[in-house]
Amino acid sequence: MRVAVLTSGGDAPGMNGVIRTIAVAGIARGWDVVGVRRGYDGLLRGDVIPLPFDVVDGITRIGGTILGSARCAAFGRPEGRAEAVAQIRRLGIDALVVVGGNGSLTGAHLLAADRPCRIVGLPASIDNDIGHCGLAIGVDTAVNTIVEACDRISDTARAHRRAFIVEVMGRHCGFLAMRAGIAAEADAILYSERQPSEDELVDRLRTVLRRCLGPEGRHKRALIIKAEGVAVSTARLVERLQQHLHEDAPGVDIRPTILGHVVRGGNPSAMDRLVGQRLGYGAVLAVDAGLHDVMLGWDVPELVGRETADPYIRAVPLADVLAETRRLLDGTSPLVRKRIELLRQVEDLLAL
Amino acid sequence: MRVAVLTSGGDAPGMNGVIRTIAVAGIARGWDVVGVRRGYDGLLRGDVIPLPFDVVDGITRIGGTILGSARCAAFGRPEGRAEAVAQIRRLGIDALVVVGGNGSLTGAHLLAADRPCRIVGLPASIDNDIGHCGLAIGVDTAVNTIVEACDRISDTARAHRRAFIVEVMGRHCGFLAMRAGIAAEADAILYSERQPSEDELVDRLRTVLRRCLGPEGRHKRALIIKAEGVAVSTARLVERLQQHLHEDAPGVDIRPTILGHVVRGGNPSAMDRLVGQRLGYGAVLAVDAGLHDVMLGWDVPELVGRETADPYIRAVPLADVLAETRRLLDGTSPLVRKRIELLRQVEDLLAL
Amino acid sequence: MRVAVLTSGGDAPGMNGVIRTIAVAGIARGWDVVGVRRGYDGLLRGDVIPLPFDVVDGITRIGGTILGSARCAAFGRPEGRAEAVAQIRRLGIDALVVVGGNGSLTGAHLLAADRPCRIVGLPASIDNDIGHCGLAIGVDTAVNTIVEACDRISDTARAHRRAFIVEVMGRHCGFLAMRAGIAAEADAILYSERQPSEDELVDRLRTVLRRCLGPEGRHKRALIIKAEGVAVSTARLVERLQQHLHEDAPGVDIRPTILGHVVRGGNPSAMDRLVGQRLGYGAVLAVDAGLHDVMLGWDVPELVGRETADPYIRAVPLADVLAETRRLLDGTSPLVRKRIELLRQVEDLLAL
Amino acid sequence: MRVAVLTSGGDAPGMNGVIRTIAVAGIARGWDVVGVRRGYDGLLRGDVIPLPFDVVDGITRIGGTILGSARCAAFGRPEGRAEAVAQIRRLGIDALVVVGGNGSLTGAHLLAADRPCRIVGLPASIDNDIGHCGLAIGVDTAVNTIVEACDRISDTARAHRRAFIVEVMGRHCGFLAMRAGIAAEADAILYSERQPSEDELVDRLRTVLRRCLGPEGRHKRALIIKAEGVAVSTARLVERLQQHLHEDAPGVDIRPTILGHVVRGGNPSAMDRLVGQRLGYGAVLAVDAGLHDVMLGWDVPELVGRETADPYIRAVPLADVLAETRRLLDGTSPLVRKRIELLRQVEDLLAL
């Protein structure tokens, strides 16, 4: 039995835990476990390496992915996938575990249609924008990293009575912004699921600035967390708000900070190591059970798909995952409505 | 409307987030929110302080509890509780939120019987040993702290090819040991829900040591995580194992490390700040709704009790919480069986 | 005896340790220690607060400054300083400790000329650009923060075989860039003390990219650390390098990351807590000894000024500090030549 | 030219930076750089591995030592060293860099007498107990780790108004205790350079407990840092103090915490990465210059030995290092008197 694991798309802390678990649990079953290097690109080139104990020992605590990742335009085309099927057969791979985000899982589903081998997807995306998955690999570390950055920014903001707009990842999904905003005691959280007009946004943030840093203001700083998916740019917001600062909060500065690639790396949190390894183990059991064309979701909020031995994991057909992802992104999923409802509570919670 | 919040028992990172949220969401409702100092002891003495914005500003990120905590023998006696009832009436408190572990929640339930005011409990315990609560306040930070300590120990263990037995908290509940063990790539996880005889334990660990560090060993270190509740002491285990080391793993040392109070403090993780604040907000809504003698559980695995506005939170009668806690501790809860079953998987996962 | 402490300019981790030490060592001497709020601006307004034990207890570990800081244009003008002198006399302040960077120390020196009271300066500047001071308060934390960010960036860079240009603070001084660059295993370090032409820079970095990520490249990522003082902008460099990437390092991306205010805050490192407290204590001894118009430098590389009881600290007249600072900034100080010489070694060290 | 590097004795964070720098700067010189595995034990067995770019890439940030370390009784005997000489000749090693503490440097000096090749020592010891070395590799990380642990302990201590005695490493040298004690706002610092009688110690600590936590106490916790070299055991001290707690600080608990191997590992701080790499580079230059039987000291307080290209580094004959180490350990070095003098200041600083 030969099992391959592949990491694809944006890297996420916790991917290495998946790799290690599949390797050690696979070795214990007598499998030949190999790693595909650099995602689908490596699959097309048949670039695999063995994963014996000493290669995977101690990697759970390391960020990124030891297998590498890459974008692969060729895999999006039928000829590219045909090449992948040929390589899988040539290499004698019986099962392939694909760890990645929506693009990678779409690729896995398309490949699965050709049935070159059993295919199991695992969700990894610091944006947490994957259907039928409560918490993707990498999210918890990213939230902690953002919160730590906000703590640092708050130190200097408090020293100077300043306002900051901190832009975090999340083009289509405000999950990171919401979690980090609560944890960092934000004074406002903006995200793409709710898109007010520019003027509405400015009005709302002016109220926040007055309440926090105005003459009768109750705080020493104002912290606004903004998901990158919000239509109005951070620079534009800062510019608009600056025009009114002399009346809203005299003597106060407002500054933008964009947290970019810093948020992607780092040693995984305990949670991401746990989620990565339990999902990796789930993939081993799924391969054992002959599952195909499914994703294993952690803490699936709608409890769809099939139960597994791990109470936190469910096996959902990849087709269902991708359909739900589309609904999440276009706003028609009931989850988006729930999330917006929750945000309203959060604003009450933070007394915004 | 006067609402009091009280932290009791062992402190847990995240308690301050509860305090802040109740204060700010309370202020927004026009409530008079006060903090009781030093747990039930302060309640007996009527020791309360106001909680205006500037007192709670920025405290979410701080470990411990700004209100202090203490043991209070007097509160265990009817006269003590009668005094507490008198103080609650004297101070005009309409609702009391008690944040703490099993002892504190038992106290809350006993007090609730006298109905001096509405009483809502929130679970905080780094051991995660509270009934009908998936994740108590403080657990996530404690797991991260243990895992970080294990990472440090692994560095030095690998440099010297050593074995370590790391003892972590958890008298009755192996949750910390299990989560930390997976995340830290432990080679064995021992906890009190499963109590083999001393000889069985020694046999099993000798196998682990041979497999990891024996002549053909596959690792550079052996890491054994042991919950404090395991009947055989860590010192005894080390002593027994040392007698065989010359044959099991020649040239190898085995050392004990007991992680004590270091694990209790520290800046709360993003998750504990989130759980603390969302539970704190849940308590505000529960007080609004007139709930009494209930605990709000986060991620309740059996989904008992009453749904709340937050999909992660359920309101469970304190009597049910305490009954389930007893079943957890004496091993008759189905959850304990599930946990042991999960541990078997974990051992397979770690290829132990 | 009334002693005031004031923090001014950009905040730096470690300032709170200064405040605490002056307060507790002052109280032990029977002094009345007060804090001036928001820097020179507060001084002009006579805005001082008492600093009893419970206000300063536990603040050493907190970033920023509990006294606040602010820019103060008025203090740059003689009338402003005259007002400050009047306030110092009105408040009965016998000695003033000013903690800040070059602007703040210049202010202290100008104020000292009027001798309103004894004036002692302490160097705090995460840029480490202050004359006769080997290590200013805040530098060690900032270096650690940058290095941690580079570690995170390296994780994702290695996963994708990417190049990153990370811009760090340091308009006139490459100290941060050099220290962080060594610690983070940078592949190139650019700073303002050495200003090659744009074309030279591009040529050099192309060599770096080829060596790291070219077809025969020896690394999995390229990390370029750039001080903000380098004349060519980061965006411009990225743009120029991208034009050649297809030949230098086919398939590789290059990305910019600007580490802004994130670097300024954060819990101080052990070193910054130590430096802050020992300098604070040095200030108490200096006030005791009647010193005036001096700065206490930590680890002064040229060993100028007067020895103190602490072997790491020397007392240097503020006039000399400011003169040396000018030489550091215009490049005529021998230290700048030494630093450039050291950078050449560092490049050899890193085998660039 | 074949150069070998060996890490020996207790591992210290920063050793990997040494290894990497010698490898990359050596490769740049066309050297054949090899690593000796497991210290002198590996040298006796001729166990060396090549150190090409990909083996050392990214290791600077990792704690421990990738080469491993071990105790080696055989090397203490002349026959053992004769075997080492034979292996060095057989392997064609032209220069050997030994990274370690006092035992390892003693071994290097004994080996150097036989002149099997050039021998350069580098100081690595988290205790900072090496002669003619201001800051050994590993110390800064260890201090930060201890301070972080004390922060955690302070959180829980403040919540409960408790006293803690925290025992840290340092059998013969109180450096760690002093630095960590200042940074953590300790209320007392005990170390072996000053050995009062048990009764004096108890009297002094009772005063501390009364001042901190007595009825008029000024703190919310008492934190006592104790180096392991203090003659009275931590358990004994706790026992003695407990007998008086009801009068000194009614209602207060006192608890011991022993920080053991947790302090040894961990990702090196920026400073340890810098010191390790600059010392490693210094070793490369020393080998280039034909130095033999010397240690490179960082920030040598007495400025003995020979200057090097790096202003922070001096080359001191190993014989002088070992002689000064003996004086440090038996208390006859002037540095010990200075250190005790400094401690007196620290006690004034902390208003103890």
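We call the chains A, B, C and D, going by the order they appear; numbering starts again at 1 in every chain.
Just so it is clear, a residue touches a chain if its C-beta (ideal position, glycine included) is under 8 Å from a C-beta of that chain, and two chains touch if they have at least 3 such contacts.
Computed from a prediction, not measured in an experiment: that's the story for all the values here.
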Most distant chain from chain A, judged by the mean position of its C-alpha atoms: D
Computed distance of Cα centres, chain C from chain A, in Å: 35
Euclidean distance of C-alpha centroids - chain A vs chain D, Å: 41
Gap in Å, rounded to a whole number, between the CA centres of chain D and chain C: 28
Residues of chain A engaged with two or more neighbouring chains: 151, 154, 158, 220
Set of all touching chain pairs, with the criterion as stated earlier: A-B, A-C, B-D, C-D
Chain B residues within the chain A interface of the complex: 20-21, 24-25, 27-28, 53-54, 57-58, 60-61, 140, 143-144, 146-147, 151, 154, 158, 179-180, 182-185, 218-220, 267, 269-271, 273-274, 277-278, 280-281, 284, 301, 309-311, 338, 342, 345, 348-351
Interfacial residue positions of chain D with respect to chain B in the complex: 7, 10-11, 13, 38, 62-65, 68-70, 145, 149, 151-161, 164, 220, 251, 255, 257-266
